[in-house]
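Next, two complexes with subunit A in common: one pairs it with subunit B, the other with subunit C.
Coming up: the complex of A and B.
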């Protein structure tokens, strides 16, 4: 059991939370959808696991490298 | 003539509109959100008004904020640019109600062309062939199968209430149709409406559009076409005029269709009539269908300006001031070939991931004969996540297509930025690719090329 922190690839706004804490996810599943420069950018699970926490809320402005969610894999 | 003109936009298009106004002696008023207080477009205008916080909904999309800015500044006319409120009929009406000249078509024309179904109905009345389809109330599987056969396979089945690719299925044959229909209807049910529509699927398509202009007295002309097939995420990245493979007779036919549509809706001002063409065969009138009309100036209007030698913003201002069209159809002459590329802060190697940030240094191509650069930012500016990633449009014009492509590729190779990723070198490779050099690429070409390009570069 490893805890993984998933970070944002770029400065963006949080558009939609797709996976609530407790959700089982597969590698590549969308956790959160960001919006930046008129584009939607999915933040995807880097591995199979379970969502431990979502660290952002819809509408938040976040920075590149900011933690978005944690998983246990 | 008209003015002062409030420019209800930002970035390169606001700068470009201000440049023509300045040449014509028309005072301009810029508007800006808090994120844009020191932006290039503010410096390009004679005066500036703050309209709100960075979020577009609170500023560039806020009708009350923009009308307030117009009242405070004493503006008499509003140019909406493209995007934001440019195709918002309520905004056009609100301007008129506030005593401002809206530099664009009448609200009724914006509404008539606003929805795809409504626009298709306009096309039917104007006798212009639209992409064959069925959007009738009879949703029985038998009727839908019969309509699909009439349209001809392959067909696309789309949930009327769908979006984002959900509720969409392709059926390549009558045998595949029942299963594809059931799947589309299942997904459509999630939107609370199982109704579907059918559309002819053009598997390999080119995007070809015709620039039209109309005046208040009913005069309508077209200024030739643009081929905007190289796209990523359904957004254009490279545009050119003339379209490869277009001859005078076909141009005249598409011009006839485009001007017929404009007349049908009582159009006034600048507009673009978009068509889809079958890319699997040479261009031919019977394989080109109307899809929609954009009731505004387009991003890619400079390629038309380069081949016609005209200033389309000047035409918009003159027509909004009540003047007649400056030229009749037989006075419009096209010369040479023009190509435009959209220079964006994005990373093609990471599937065009946007690259917001502060532009520490910026070198753009040097404008000169046959080379135009329409920039919206300068070194030191910060590209925020709130707005689109376009930094500049670079446009080349030359006697032949091959020379124009080469001139543009060379110009793009001279562009560089520090602090943000730029797609300049990628665009130069696109222009030098064998497919682009041959001409007539389809709308999937650019994303296919990106994948091949990324693979080749990681292998190298």
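Coming up: the complex of A and C.
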């Protein structure tokens, strides 16, 4: 059981939270959708696991490198 | 009477050179998980091909009778070798001798390596570890003076570091801690690789910590810092992987600007049409898609070699083959700012296009660019000036050029997809869309009076958008020959392979007028 911190790879606005804490996810599933330059950019699970926490809220402005969610894999 | 005694002395001196900094220092190098410079050379060169120059140069001590007691070799090891059958210059720092510092370098050794690459038109691979510059502050005592960098007649290495960028492929491998002149020699390359255990910086933590908050070696110059900043192109786990990267990079390159890169037999059908390309781009224009599988599907199978993946990430750059011919490939990555060009992206484009121009590589651009990045951060990083610089690089390039418009082409950056002053090939996919401005936001600006006058402003906005959307079908543009060809995306590979063949007579081994900069 390893805890994984998922970070945003770009500066953007948080548009939608797709996976609530406790959700089981597979690698590649969308956790959060960001919005940048009018495009929806998914932040995906880097591994199979369970969402531990979502660290951002819809509407937040977030920075590149900022933690978005944590998973237990 | 033969020259046997002298031959024996030569062998003894060579043996000292092979011992490098001595058993303890070699053990320390191995314990830290790093190879010695001689092991590196051996692994990089084709077996038995390394011909060393100046092995026995160093500092010797003699007994009262003037007989050699010991020889500490210089910490620069260089010579020529073949790598995958091609002659190259290898020059490496020996960290076991004075930590790779210039204290123990004989200045003329790395300089002659650079000269040989330049004058005999051979690629050069620099194996860099340590500082290799003016030396540690200890040299003030050993030379009895402070070092004016470059001084009088001491600029030769800087001269060749610049000259070689416009002459021969230059690969930099950062294997350990690299600082000062070492960092400069690593960064002043066409392609640089570091191991994830290595670090590169202008000055290391001891110096930096004196100026403020303490930092670790990794924070300051580790691979994540340097690759994201564009200081180093690529990071790998092991030194062996770094050597593979160097070999692979060179396989796409000519030996010098006086040559063109080799054409190899192509085992992948140039006429291959990938069905998946029909649904590679989502119909929903707000949704992004993965560009790398598209690249993989249109180039010769397995031939894509990405460079600078973590820097300026809205643009993917790398070398690839089309019907066996090496090309420089650029492609947008909509996962980063929808493919918009940031200041970093523009800098990445400039360096990459200049690389293509220098080594006569045709350029292929798979475009999906909604514009230059907008916003306060974009303005603060002078995106537009870096943007027009990227356009200038395109316009100054003389190599054959082919653009596939995969989706977006908007704004000034939308125009930055082909050389402005000469004919290039261009194909638009069925999913292509373009405009001076994206409709979103653009409508509010252009139709303000009409929207303000309406009772239901949102409905008016939607009505105008619908009206404009019908008109902006790419077929209407093609109708007026404002774009020359719209294609079935599955035809992309056959068309790109045809472009690569069409480029053959244009690939001339004549040095470009461009003088490349790092």
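In this text, the second predicted complex is superposed on the first by the 73 of 73 C-alpha atoms of A that agree within 3 Å, B and C clash if a C-alpha of one lies under 4 Å from a C-alpha of the other, contacts with A are read in each partner's own complex, and residues count from 1 in each chain.
Please note the rule applied: a contact is a pair of C-beta atoms (placed from the backbone, for glycine too) under 8 Å apart; a residue touches a chain by one contact, two chains touch by 3 or more.
Just so we're clear, the structure is a prediction, and the values are computed from it rather than from any experiment.
In the overlay built on the shared chain, the residue A:1 is in contact with neither subunit B nor subunit C.
Of the two partner chains placed by superposition, only subunit B is touched by A:13; subunit C is not. When the two complexes are overlaid on their common chain A, residue A:39 makes contact with subunit B and with subunit C alike. In the superposition on chain A, A:57 contacts neither subunit B nor subunit C.
Residue overlap on subunit A between its contacts with subunit B in one complex and with subunit C in the other: 9-12, 36-39, 41.
Against subunit B, the residues of subunit A that register as touching in their complex are 9-13, 35-39, 41, 61.
Listing the residues of subunit C that touch subunit A in their complex gives 286-288, 313, 334-340, 370-371, 373-374, 377, 438, 440.
Interface of subunit A with subunit C (complex): residues 9-12, 36-42. Residues of subunit B touching subunit A in their complex: 233, 345-346, 350, 352-357, 383-385, 387-389.
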